[in-house]
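Note that chain A is present in both complexes that follow, paired respectively with chain B and with chain C.
This part shows the complex of A and B:
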């Protein structure tokens, strides 16, 4: 901000020298204090974010047990990844997770936002109630849902009341249901967050456009998709980025509910990385998994942003 | 005074902040970071890092440490999982905790081989605190290069636990043969009682209890130790025999075992809905107070009479870091922890059915259950620790995955063995 102000202030005070020298002159005229204010966060960022990230990259080419010197092993960790059945399960689960978690929480959040985007008595109570799970940490959410899913717990009891005893099972211990059971708990928490983001977006939608479309004979469905949605593009970008990043870094709720079990069937890349890196102290192999997560996240986000900027251009 | 109050200018503050920031920069090459908070050169104080988290034992250790009259000792309790993950970092840091609570066996030995543990041979020499401990404990506490590196302070046994009142009510007796055990399970199942309980949900390692015992009873302790040390393959016929017997037991387990942990598994026994539980003696603290005296146990019956008798008896205790700034103080603290008085206080306050390692502890006041446990271990020919302690935490992870999967899909034993061996190979070669 300070730098931008200084740059914009230049033409009024500066002469009309050629471009290159003009720029150098500008930089020279930025007060030292500004550079200090820029350099301090940069140094902190470099040291606390980029340096560990760089270390993670370099560690992924080694075999290191946390003790003694790290042994360079070249690409062996990456070769091992693609022969590792657990890694493949984790990769597949992550794909299910991105689609399921992203899809359900965005669809649910949008539906709730539209439903609750109207004045009325008690509407704020509904909004707060739906947002409330977000206040609770993911680890606590996990513990809560573990109680819900336990054998003869509330969910099984509820099915019993409905006469659906045959449906009850060991939700978190059955490899067929465990991942989805965790997914539902995660969506339950995320949906309120997405709803709030969409509510904020809907506040910025111009009601007169919708009224005009209604006058022109558009039905509610058309008004929503053709008039409202295009105005939510900015919010959608944010939500897409948040959702993809959130689903790739999901860790705590899975760890709290299943620890990747039964027999690694609910392992995500993040939980498998944690298990390899910090429980088994295979820091080299764990770092290789971390690099894969990083590459996936960056690839997703960059592709989306590029597409987005192309559409806008 | 006046100079110091006016002297803290902004510039000085920034210089100070920058120099603080530079310290980790200088020390942050990969593999040489140090983060322990103990002050360097604190040669008159001691740090004891403990992983003990069960309520009773934790309070008991606090009491024992508070009663220590030597140098001032700080007790840090760290969650077990975190302790396990950080242990190598603790030991290799430049200012490690002086004394650490952990397990005996190959786990301790692997750290000793990296030169991270303090040689405590003088404690095992004549007049030392551990001089009178049994030869088995001495062997267990000695590293592969012949140095004593561990101070065992308590141990416990594994067996099949049951409630005397429940067995009396059902009119049954503890079996003495393997066929008798299977027949008993069939009889109980026919009456709508779950013969066995277990908790393999969040404590998947509990599946290794039955694996260990079946391997000990079918193939013997020598083969078991060698298998866990990587000298045999999990694709051996011997392992197939073990899994074959394990498969026979599957219908007898309470179906909820996959959702429970080791502690929750006690619930059906408390309610007389399940009969027996192969578990360590630590389980007694999971039962309600009024049922604890009702508990009894019998050893897993013989399957192959050709192999020596064996029991699992995991040993807990302490070791000291080789990098301790206060090795003399650390040894003094270890001697105190190994003393009969400290062991007695710890065991009686902790409420779990642990047994002392010091022969000088007066065990006559201990419960009849513990007396029976001592007799069991004194009469057995071979003693093993437990899967993870006889191998490594990494191999335990392969067993957790392989055995929980096998229990869910027991049809294809060779496939289960192939998968387990492939995972185990990664552990032994990485």
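This part shows the complex of A and C:
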């Protein structure tokens, strides 16, 4: 873990030593070779990331089927979005996704991190088991859970053992349950990641503060919310950003499980964007959906950061 | 004994053991399904415990699903993309962390911001760019796209690590008259080994598990990596659950190995990610 520790130490050393000390170890004149060192990676990223991103914005103001020149249409694609019922479903599903996926994986990950924080017998086995799903790709996770959800599959069989046969249904084909069925699978994979982040955060919590609160008669619940939680603010910010970014990116698992069906009931913005852009080759309209995803991601994160910094002030 | 360090009560394990088993149930069940014969599944249902042992699912996945070729494609993409990304990120991080390049902080943050963009905003143009360069539908396209998109994050992490190296190391090499190239190669890279290992473990699983970039720049089935090939398998063998389950396990095994062998690096890599 040397890498992580060293990194965490970095801002402190940098912040406390302005001026002269900051230049130590930073070499003076920049040799040509070093300019090449910087220019090549920068050029690769500019060409493969920033140039395409810029292109998406300009494409979103056109109508283009991929052949012939693109027709400029002004804001027509964006106007069309708000009259498109599938887009509205995707937007609503994405809102459910951010709340459900974020809420459940944070609740699960935090609870498990607190339970498994202190070392003890079997603890490392529990930890490994809980973050094992994270190494499985989202596409494979989707397939694993497709097996689970099949009629007369393990979930229905389990319900049968519990005498709850009446609850069993076509989980992924039923418009009422499909989205939540996919969501559970995605949460299963995410919880381990959130747990790892919180475990790292809990290592930085000062035990003497909690000890002092315990002496003052605070019970475990109060100590957690009043003493430990405020110290996890940094981790919370990271987790919020990770969750929002992941929620808006979610594509593989939905594509593997339902492809947005049944009747677009599990369509998310990213799957609808892919369908419009690649399956139906509406490049302008697909780009407009991509721009919406981008704006939402940026807006969410900026709002949160502004609120955080205001609370701290 | 302090109040907050009390030993765990006995019921802790009473809850955790079943919980952990339930947590792993999807993986365990897929193993069960993978080793059952088609007739057993058809006769007794998907949810039943195995009453047969057969590798016909695995054989079919490799023979009919061309999983072997797909694994090779995934391996090629992963190896080249990981090496190229880390090499480019390392030189960029070296330049930004150790030289007085104007606006180095801004350049670094812009590079990181590129990695935080939702990939959806890149997909359509990236697909068009690869077509106009004549590399659409090649593994090379997947590799360069992966490298371009991952670079910002790897550079950011390595930059942080290189900044934390003691300044004396660099001052000594300057007095020795070593050039930038030699300083990088024989001093900085060896010192960065832990950070590079963590990033390599992380990048391997990310790139191997990728689906969306492959779907964006590939069209021919024989060039698909294992994730995309699996989804095809699902279309071709939609009721042969033992085939799909076997394929899923095969696709999960390489990253599981990376995880078990490099568990420490993997976890520290994730934590490095949280410092962005």
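As a convention for this text, the second predicted complex is superposed on the first by the 271 of 313 C-alpha atoms of A that agree within 3 Å, B and C clash if a C-alpha of one lies under 4 Å from a C-alpha of the other, contacts with A are read in each partner's own complex, and residues count from 1 in each chain.
Following the convention adopted for this analysis, a residue touches a chain if its C-beta (ideal position, glycine included) is under 8 Å from a C-beta of that chain, and two chains touch if they have at least 3 such contacts.
As the structure is a prediction and not an experimental result, all values here were calculated from the model.
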Which of chain B and chain C A:150 touches, first, second, both or neither: both
Between chain B and chain C, more extensive residue contact with chain A: C
A:51 touches, of chain B and chain C: first, second, both or neither? both
Partner chain in contact with A:275 - chain B first, chain C second, else both or neither: first
Contacts of A:59 with chain B and chain C, given as first, second, both or neither: both
Which superposed partner A:69 touches (first chain B, second chain C, both, neither): first
Shared chain A contacts, counted only where both chain B and chain C touch the same residue: 47, 51, 55, 59, 66, 150, 278
Sites on chain A touched by chain B in the complex: 43, 47, 51, 55, 58-59, 62-70, 80, 84-86, 150-151, 170, 172-175, 259, 261-264, 275, 278-282, 285
Residues on chain C engaged by chain A in the complex (per definition of touch): 2-5, 7-8, 12-13, 16, 20, 23-27, 29-30, 33, 45-48, 88-89, 91-92, 94-101, 107, 111, 114-129, 144-145, 147-149, 151-152, 155, 157, 160-161, 163-171, 174, 179-181, 184, 194-195, 197-198, 205, 208-212, 215-216, 227-228, 230-231, 234, 241, 244-245, 247-248, 251-252, 255-256, 258-259, 263-264, 266-272, 274-276
Touching residues on chain A, where the partner in the complex is chain C: 1-4, 6-10, 13-14, 23-28, 30-31, 33-35, 37-38, 40-42, 44-45, 47-53, 55-56, 59, 66, 115, 118, 120, 122, 125-126, 128-133, 135-140, 143-148, 150, 152-158, 160, 188, 193, 196-197, 200, 207, 210-211, 214-215, 223, 235, 238, 242, 245, 248-249, 251-252, 255-256, 269-270, 273-274, 277-278, 283, 286-287, 289-291, 293-294, 297
Sites on chain B touched by chain A in the complex: 21, 24-25, 28, 30-31, 81, 84-85, 88-89, 91-92, 114, 116, 201-202, 204, 255-256, 258-260, 393-394, 397, 400-402, 404-405, 408, 419, 426, 430
